[in-house]
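Same chain, two partners: chain A is paired with chain B first, then with chain C.
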Partner chain A sequence: MILPYIKELAAGIEASLRSDPNQDSARKRFTLEIARLGIRLFSGEERVAWCGVFAPFDLLTAVGVTSCFAEFVGGWLATIGAVQPMLEKAEQAGYSTDSCSYHRGVIGAALEGMMPEPDFLIATSTPCSGGMATTENLSRHFSKDLFTIHIPRDDGPEGVKYLADQYRAMVDFVTAQIGQPMDAARLRQAMEKTNRARALLDEAYALAQAVPTPARRRDMSNLGIVLPLLFGSEAGIEVARAYRDEFARKVKAKIAGVPGERIRLMWLQNRIQFSNPLEQWLEEEHKAVLVFDELNQICWDPIDLEDPYIGLARRALSIPLGGPIERRIRNLQQHARAYRVDGAINPCHWGCRQGTGGRGLVERGLKEVGVPVLNLEVDCVDPRHFSEGQLRTRLEAFIEMIEGRGAGGARLEVAS
Partner chain B sequence: MNTQTPQRMGFACAYTPLPIIDAAGFVPFRVLPMGDAPDQAGSFLHDNICPHVKRVLDRALGGDVPELAGVVLMNSCDAMRRVSDAWATARPADRVITLDLPIACDDTSVAHFKAELARLMERLSEWSGRPVTVEEVVQSVDRYNALAAGLERLADYAAVGALSGGHRVLQEIFNRSVTRSVDESLTELDRLAAGQGDSQQTDPGVPVLLFGNVLPDPEALELLEACGCRVVADDVCTGSRQLVCYQLDGQEDPLAQLAHAILSRPACARTLVSPQAGLLAGQVAARARECGAKGAIAHVMKFCDPYLARLPAIRDALREAGLPLLVLEGDCTLRSLGQHRTRIEAFVEMLGGSPP
Partner chain C sequence: MGIGFRGPGSEASGFDMYYLGVDIGSLTCDAVLIDEDGWVMAWSVVPTGASSVRAIDRVRAEVLGAAGIRSEDLGAVISTGYGRDRVDGRLAAVTEITCHARGIQRLLPGTEMLVDIGGQDSKAVRLDGEGRVVEFAMNDKCAAGTGRFLEAMARALEVEVDQLGGLDDGARGNLTLSSMCTVFAESEVVSLIAEGTDVSEIARGLHRAIASRTQALVKRVDPAVSGLRVAMSGGVARNPGVVRALGAALDCDITVPPEPDIVGALGAALIARERAG
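Let's turn to the complex of A and B:
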């Protein structure tokens, strides 16, 4: 079921790009490259690894392994409206409805025989314990070896060394699994490509801060969490360049992603993955635009080509979700200022102890810089309990409160 | 003679290196998820966080902990990370150190955890005003090993119904063993051991293995016995998994040996061993077979991802061993367990026993 769907998706986008170049967009390029990745994952023709969210995918690319984080499948099934039977399958097998639905979705898909068998698996301790357990369960399901990466809390020299050593051990594990050594030249090329994609993406994010933002509603959805799957490859560079170029053109021409932008909002963690009208409603009714998604940021320096393992370790440790919450809060405060947001929405994904666990602390931290936070109760993957009316009411009250504070007025002239 | 009362050092996770805290002259004080502190943690953390962590934070917020010289927290799982995040905001005057706890026990992880233990020694030296030496840590390990061995003997008595007061008393002793000095606990164990000969063996009930994360309320254990269960072994981090022996060989690098011993202790659900999956399921099934249980009861904190995610595998492993499993989700209150009373009694009947 999945492979034909992805092939059809990729073919459709390719045909659209061929027939009408005016329809080209960075988002389309991104979707196409992810579809192509999906084809490689599901075709059964390549070496595949299912991983944790913060695994070094470019390192795996360098050694010739196609890899992806397991949660991607849960989110993607929700996007295409196919997640409900998978959730039910997992629940019937004993997986608690209190657990994360990204994880239940992928477990259900595995139990239904819809997940391609990997060559091995790599679990990461962050972003969450649930993800770690899910990777272990997939390892058990497929009877395939598991490698675990503990991403420490401390981003100092000891933490960096520890993580870099684990990456070296991971490469030993992977090369033993596939019977092929790591080629130093290929590793260097992959890191060069990662750095080029990084630089372009950094520019794109800086451009997205413009008032009005050049980003359309869905342009930035899942970008920062999914694009790393393409790091180390030409595809990653092409997608990042497409975003940079599109945003540069729009900013220069003062073209707003959402015409009439009045209210600028920050979205914490992941968007709601299944089809829902809330974002469109925010835009159309209130000209309220999601200008910044928390996971859309570059917080790491370029990888040192002479010592890539250290650079990769620093990259993983720089991700604010993994460290103490003060670091995450400082990071959110900085981005709130940089993007000039009027408010933040925290979807509080049910089942997430990582992103939403410290929501009270995040709320306090953002209030310190004058940014009000709306905590929603929502499951970003499971549509069964989606209460559109209740959510709309809360969002409406939040927007009214922001408008009451006088937000958006200064931008009206620029945006309209 | 030094008559000054030692200061208490708070902790919340069974992986905490208590011998180092003891060697620094502090009394390790486990902030157990008990008591009547009002529910305030929700203002810091989401309500869908593990009740263990919320109760610990409730106690901290409600002033339901004695004066603490500091707090040692472990980066063991999402919930423990969150309590580490929240504690500093909830009690900004407290001194807090959070130790990184690797998920595996390979050489790289042992080396990293050894460095973390050294960091703890350094920090506790600052807090206590005197240097903590490795020799002192080794001595404390010996004393804690004696305590762990004594508690294991008591648990054996309880398992055959020969501990006066049963598992309720055993749990009270378990709780005291992590809230007062190791010397006081050793003295109590000596006294109890001397009196064991007088204990009367009672109706033992149906033998079960109890496993899960935290169940510190002695009344909860009493309830299980009242329903006809005889807990012949447990794998609970407030029970027999709380204090375990750390074998050091007296040779070189004791700190590395301690790091290895802690990382290889009976696994909590958050621990993994590469490259095999399913460590916990195998561990629970093996324990159930070894102890002669007729069935197993899992008491799992609501929202505890590591356990919730492993229950299907554990159920499979127990099924293969021919052992039924009863899963009870709890929230650290006796109220939640009391609601399960009928299910526990039915489980006992299914295993061939009868509630008293």
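Let's turn to the complex of A and C:
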């Protein structure tokens, strides 16, 4: 059921891109490449690894393994409106409705036989222990070997070495699983491609800071967390270049992603994955734009081609969501200033202890730099809990409050 | 219909413009009509019932009829509440947070923290002392501790919801009831009645349950609430037991304006006057 759907999706986007080569297409190209990745995952023709969110996907690409983080399946099923039966399946198997629905979604999909059987699994200790438990569950379900990467909180030299050594051990594990050694030249090529994609994406993010921003509501959704699946490949470079070029053209021509941009908002963690009218309503009714998503950032230096394991370890340790809360707060403060945001929205995804544990501290930290925070109570994957009216009232009151502070008027004339 | 805020200059002259605020809540639909000087001409509260459109029509007809003016004399209409998008002819829909803030500033100037408990939600709104919202929080996930909660508990106690407020007179105990779930709390009440627990103690326990839930919301907005000028609006503010319990939980005095149900509609009417100007 899933494979034909993804093939149809990819074919539709390809046809659309062919029919109008001059359209704004970065998001379409991104979706197309992810669909192509999905085809490879579900085709049964390639070596597949289900992983944790912060696994080194480019390292797996270098060794010829197609990989994806398991939570992607939960989010994607929500996006296409197919997650509810999977959630119910997981709940019937005993998973609490208080647990993370990304994880319940993927567990349900596995129990329903809708997840392709992997060759092996790679768990990561960040961003959350729920993700580790889910990967371990999948390992047992498929009776496949699991390698667990412990990403420490210490980002100093000892932490970097500790993690780099685990990556080397992971490569030993993977090459033993697939019976094929790591090719040093392929590893180098993959890291070069990662670095090229990184540089282009960094430029795209810098361009998105423009006033008005060239980004539209869906452009940036899930970009920073999903694009790493394409790192180490030409596809990653192409998608990052498409974003950079589209944003550069718009900024040069002073074309706003949302004409009449009035309010600039920051979104913490992940967006609501299932179809809902809130983002469109924010844009159309209030000219409020989600200019920055917390996970859309390059916080790591280019990978040193002579010592890639160290570079990959530094990259993983640099991700603010996985480290100490003080670092996450400083990072959010910096981005709030850089993107000139008027307010921040924290969806506080139900069941996410990692995301909501620091909620009060994050709120206080952003207030210190003059950014009000709206904490919602929303399940980003499970549509059964969605109450549009309740959420709209909270969002609308937040917008009214921001407007009452004097934001939302000064930029009217600069928008196209 | 009562005369809460009628003042000088409120007689309809036939040439003035008037401004209407309509607050469509889950339990009641409220309207306030003001004149160009901001004086209240008339107000009305009706049950929302199954049809919010019917309730809107009724409440509008009641205030216009009471003031003796025609629809054509309305300078602007602002709607608020969960059904705010269903009001025909509105200049704009504004959230109840903003409207309650504006309304309480008119009734109790200088209010710094407003607690509003309506039919299905509760809010804590931090104000700057001039009616502008600085911060707010609303109840999460479910409607326990709101007007619907009290309705269910009154039903279990076999009293009218208006009687609940005075039922805790003389209660001394510290009975604790679930503040997390209306259904569980209702069955707790039924069990307590069956065990012979004094109704006053049960009522006190219910008021404390609401206060417990609400004080967390208020302190989330501003932990230093005990030093602020705190007011309460919404239908639940008519329940002196809840107001007392919340005041004790927050360690502060809570002022309730006259006719606390219509604070949102009054704010909407005042915003209508500003925007029309």
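Some notes on this structure:
Quick note on the criterion: the second predicted complex is superposed on the first by the 412 of 416 C-alpha atoms of A that agree within 3 Å, B and C clash if a C-alpha of one lies under 4 Å from a C-alpha of the other, contacts with A are read in each partner's own complex, and residues count from 1 in each chain.
The rule is short, and it goes like this: a residue touches a chain if its C-beta (ideal position, glycine included) is under 8 Å from a C-beta of that chain, and two chains touch if they have at least 3 such contacts.
These numbers come from a predicted model, not from an experiment.
Using the contact criterion defined above for the overlaid structures, shared-chain residue A:T148 touches chain B, although it does not reach chain C. In the superposition on chain A, contact is made by A:Q166 with chain B only, not with chain C. By the document's definition of touching, neither partner reaches A:A184: not chain B, not chain C. Contacts of A:G389 after superposition: chain C is touched, whereas chain B is not reached. Legend: residue contacts after superposition of the two complexes on their common chain; A:M1 is shown touching neither chain B nor chain C. By the touch criterion stated above, A:R353 is placed in contact with chain B alone, chain C being left untouched. Contacts of A:M401 after superposition on the shared chain: chain C is touched, whereas chain B is not. When both complexes are overlaid on chain A, the residue A:A15 reaches neither chain B nor chain C. In the superposed three-chain model, the partner touching more residues of chain A is B, compared with the other of chain B and chain C. Residue overlap on chain A between its contacts with chain B in one complex and with chain C in the other: absent. Those residues of chain B lying in contact with chain A across their complex are 42-46, 48-50, 75, 77-79, 81-82, 84-86, 88-89, 98, 100, 102-104, 106, 108-109, 111-112, 115, 269-270, 272, 274-278, 302-303, 305-306, 308-313, 315. On the side of chain C, the complex with chain A involves touching residues 82, 94-98, 121, 132-138, 140-141.
Interface of chain A with chain C (complex): residues 372, 375, 377, 385, 389-390, 393-394, 396-397, 400-401, 404.
Residue ranges of chain A in contact with chain B, taken from their complex: 93-96, 98-100, 103, 120, 123, 125, 128-130, 132-134, 136-137, 139-140, 145-148, 150, 152-154, 158-159, 162, 165-166, 169, 173, 324-326, 348, 350-354, 356-361, 364.
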